[in-house]
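Submitted below is the structure of interest, expressed as structure tokens.
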Amino acid sequence: MAGIHRHKFKTIDNTGFGPNSSVEGGRLMNKDGSVNLKKRGLPFWTRTSIFHTLLRMKRSHFLMMILLFYTCVNVFFAVIYFTIGVTHLMGVDGNVSLGYQFMEAFFFSSQTLTTVGYGHVAPSGMMANAVASVESLIGILVFALVTGLMYGRFSRPKAYLLFSNNVLIAPYKEGKGLMYRIASYKNNHLTDVEANLTMALHTKENGKTVTRFYPLPLEMSKINSLALSWTIVHHINEESPLYNLSKEDLDDAKMELITSIKAFDDHFSNIVQQRTSYTNEQLIFGARFLPMFERSQTGTSTILELNKINAHEPVTLTEKIHSNNVRNIEVKP
Amino acid sequence: MAGIHRHKFKTIDNTGFGPNSSVEGGRLMNKDGSVNLKKRGLPFWTRTSIFHTLLRMKRSHFLMMILLFYTCVNVFFAVIYFTIGVTHLMGVDGNVSLGYQFMEAFFFSSQTLTTVGYGHVAPSGMMANAVASVESLIGILVFALVTGLMYGRFSRPKAYLLFSNNVLIAPYKEGKGLMYRIASYKNNHLTDVEANLTMALHTKENGKTVTRFYPLPLEMSKINSLALSWTIVHHINEESPLYNLSKEDLDDAKMELITSIKAFDDHFSNIVQQRTSYTNEQLIFGARFLPMFERSQTGTSTILELNKINAHEPVTLTEKIHSNNVRNIEVKP
Amino acid sequence: MAGIHRHKFKTIDNTGFGPNSSVEGGRLMNKDGSVNLKKRGLPFWTRTSIFHTLLRMKRSHFLMMILLFYTCVNVFFAVIYFTIGVTHLMGVDGNVSLGYQFMEAFFFSSQTLTTVGYGHVAPSGMMANAVASVESLIGILVFALVTGLMYGRFSRPKAYLLFSNNVLIAPYKEGKGLMYRIASYKNNHLTDVEANLTMALHTKENGKTVTRFYPLPLEMSKINSLALSWTIVHHINEESPLYNLSKEDLDDAKMELITSIKAFDDHFSNIVQQRTSYTNEQLIFGARFLPMFERSQTGTSTILELNKINAHEPVTLTEKIHSNNVRNIEVKP
Amino acid sequence: MAGIHRHKFKTIDNTGFGPNSSVEGGRLMNKDGSVNLKKRGLPFWTRTSIFHTLLRMKRSHFLMMILLFYTCVNVFFAVIYFTIGVTHLMGVDGNVSLGYQFMEAFFFSSQTLTTVGYGHVAPSGMMANAVASVESLIGILVFALVTGLMYGRFSRPKAYLLFSNNVLIAPYKEGKGLMYRIASYKNNHLTDVEANLTMALHTKENGKTVTRFYPLPLEMSKINSLALSWTIVHHINEESPLYNLSKEDLDDAKMELITSIKAFDDHFSNIVQQRTSYTNEQLIFGARFLPMFERSQTGTSTILELNKINAHEPVTLTEKIHSNNVRNIEVKP
């Protein structure tokens, strides 16, 4: 397995991942671009940004949380009003069952919290009035918060990029290239799009597993505008750390490709960023991407077929670099 | 048509448009700067950003949508209250006609949704109270959303640039220049304004229509501040991909000029961007822009006349580059 | 006045101001950094950003506008309710005077618009209910807008820089320097602060008044952090367009100094920018700035005295550059 | 103490701190990154940004302020209603004690301010109605403001960086290095992280205390991503201003290390910045950091132990640079 030591190739140690952070069976970066890392040693609330958690939560969960919160707060205040006594809620008949009284207290609470305040039930006396006064303040503060969260959720700059599921080793120029493909899938428009690709190899050095990071230079690392899809290409030539590495080599080294895309989104007028990583299992030797756009039937515009982002076909790789030792790699996709 | 193959000129392939995306009769970029492209292959809701659609919608449409939504939600809840029975809405006379009862339910719903809650009609009983409680929550959430959208609509950084309708080929230095003009038309102020110009030519190569992109270098590509108008100039000299091309050549090649302006807006304290494209039909050979500003009557300030952004007059182009073969191009604007 | 033609000095034409924009008696940039320019030729509403006008309006004016708007809307709806008839407003006594009836309609309107909805007056019948329903929707939308405007006003990134009132020609190194001073006057913190200085001279060339722009290089054009005040210095040496120009020369040429400061504000986490211009009348020959900070009495921190931003004292300028022709300029401040 | 004059080393004067700002016993920058500086000479409200003060206030203080404000406004309006007379508040019994009447006015005010408006108490007559109308407007404006503040507080881009408490002089390469450590402690993700380190020494020059600033170059000043912790290292070699300085030298010169970290936060999609400073008392000669991450028990991810950010152990420093005079520094941590 000596071949995997890529001594002559430049490594970088400014990836933010340490050389010793590698773990058996784990990846460095998850598919969604988050780091495969847990934090510990500080209280949960200190090491968690509530705002961001609520911002990044799935929409359905977010709505559930609001509903749950609404119910809990109302129950909480209903208990207080109930304890004070429903006789201090004008309009509630004191002769009904306790359950019914609690229900009235609950709905009075909800009318206060949302500031609807119909008034058919209204607080009377110092205590009930004071509690209602505080509850309506809380209502306004909470919904101020919710307004901010709603806006934050919607306006959070996101790249909305679709990555191909696989990285292909395809014929490129006289030799081979490593290729993956991106497209923006929403009605936003990205300009000044930059791509960056780093390969992590977990190698044994002096009996210790060490993670080495190799930058993989791209044939084109910046485009002016991401109108169509963009196939990002690293040329596997003699300068490439991937040169002469076989699928087995890469599997052994648990190769991981870490890529980040940075762009200017002109809807948000903001810089957006999206990251992902590919493991060795997502690498296909000998395949090339199929086109993912076509002319519209009227012929006046182009159609980008987003479902074809990963469409590829097998292809035979023939290496002929400089030399006389042409080798064929049989590929069974 | 061999002349249109501009072999000696540099082409770029980082425009984000592919070489094969050209279509008969279609342009690459629309006048409003959006890409002439449709996306397909993902569900509508996945490939659409609702927030941005609502943000970019015309103001009248946006208000119509809100009114429609308001009506629908009220009808929806009115149906529920009506189904529960208006006897559970205190204050509604049970003896009136069904239509009138429904109307009362409808208006009760609107009073709940907006949290006005007059209270002359008020829910009674578990069901009606629960529905009203949920509706007032929905009301608050929806209007939280609307608040965010309103703010988003107003605060969205925009360049507010006016482009001239035409691109002129005008006398410039010893030869000719391609010129268009921009001005900011609102009371915002742009600084560090950068312009970028690319020409697309659709040429036949080996029987296949191919789109080639040529960067057109600008005499000045960045200005400190866009106080007045800015005439952006590409000098058509021997280095220019436009050198020696006639109007017919450009018409044949369905020339398209793609330009983007990037600036720092100091009202938003944000980077703003605006794009547009010019087709061959918007190109005028032999014309020059007329001034669009004048002194104020009091003489203490300058007046920028925005309606003159496209004002130009015909002019005879005389080329005399280096050489002895001076040629005149007769222009009938 | 030939001396003012500074032929050997570099001029720039990327300032965004044209060479012909100069006007008798007017300045290019106002003291507040806005351009001395009027726009015309498009409808008022098209060339005005309402949002930014409301954002930049003085606080008192903004509050007056809201109060005015609130009153007008209430009058408008009061007229409608009054026209429908106060008999459709339950709780209003139909036997009172018309003026009193209108007043009741007015206050009912305000209770609807703000969604207070006490309910002692409540709409009855189709018409009154429909109008109230629309009014409460309008109320919510308008106050959504106001929420956005309030937030926009507060959160608008601003540099909060104080400029000295005068530009001084002070002794500097072996010769003279042109100096002005800035300080941030709020509890914000600016980092990566960049300054830029351009001089405009209005000169007669071939009988026509032409404006020429000269960049004035700064001894230090960027500082890491604007903790204390910053005295920005242009060294008037042989390379300087100001070299050998007298006060009279600059007065004749209606010299204007245009400066812009760009910085990163770490409270807003945003880039902020502030501009100003100095006319020849603000230029003082032979003066130097006095310190504007001192130790605190406890000796543990520094005190920045913002009221001393312009504090300066007269000083005799003695030029001795290279040479034997030392000249003294008598200065009477 | 001559040795502390580091004549041969480059100093910088673009730190924003002046050479004379040094004070006995005070530091230049506080631990939280704010400048140890007071501003004076302008009215308090002019030199204070209310918005930012409210934004940066501790959460508990912020809530206290809101509660206080709410109470004060209600007392204020209660006094007005009380002065007008509770007979103009329908629903309040005029025969109760004055204290009870005031209480009713107070709670009516709170119901108006929050727009709950139950209506069991409602204004009657011109005066009471007008005041209530204004109060509900004020309520809406104030809570619009609070909404903005809430959003501003949550969405303010912050770096959430943890700095080690100490700066260590540790063995590094053939010699020594100055090291400190950072980690992000929330669930945000920083990319393009840049560090900057400056040393301030207060030295006596010609009998005057002068502050000199020395840039300390870092072995790596930028990393792509701050996934784990980052130990920032300045190599103390012959090029370093720290070369050959002992702990006593640095104590005498009241050494202060000023560092700032700038990064792109991809949750906020914004640049964030955090600063801190270390005094000579936080400097430990002869210690090295202990690892602060480990494998998870399942072995599939890495665990970052935030409480170990400052974990270090003593170590003997052996200098052997070039030469034969190896010296040992005994360290008693």
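Residue numbering begins at 1 within each chain, and the chains themselves are lettered A, B, C and D in the order written.
One rule holds in what follows: contacts are C-beta pairs under 8 Å (C-beta built on N, C-alpha and C of every residue); 3 or more make two chains touch, one makes a residue touch a chain.
Just so it is clear, the model here is predicted, and its values are computed rather than measured.
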Given over half shared residue numbers means same and under half means different, the chain A/chain D interface is different
The larger set of C-beta contacts, choosing between B-C and B-D, lies at B-C
Averaging C-alpha coordinates per chain, one finds the centres of chain B and chain C separated by a number of Å equal to 29
Rounded to the nearest Å, the gap between Cα centres of chain B and chain D is 40
Note: chain A residues in touch with at least two other chains are 111, 115-119, 147, 151, 270
Seen from chain C, its contact residues with chain B in the complex are 13-18, 20-21, 23-26, 28, 34-42, 46-49, 51-53, 55-56, 90, 111-112, 115-119, 122-124, 126, 129-130, 132-133, 136-137, 139-141, 144-145, 147-149, 151-152, 156-157, 196, 198, 260, 268, 270-273, 275
Contacts from chain D onto chain A in the complex sit at residues 66-67, 70, 74, 103, 107, 110-111, 114-121, 143, 146-147, 150-151, 154-155, 160, 185-189, 191, 193, 220, 222-228, 230, 264, 266-267, 269-270, 291, 293, 295-296, 299-308
Per the touch rule, the chain D residues reaching chain B in their complex are 115, 117-119, 147
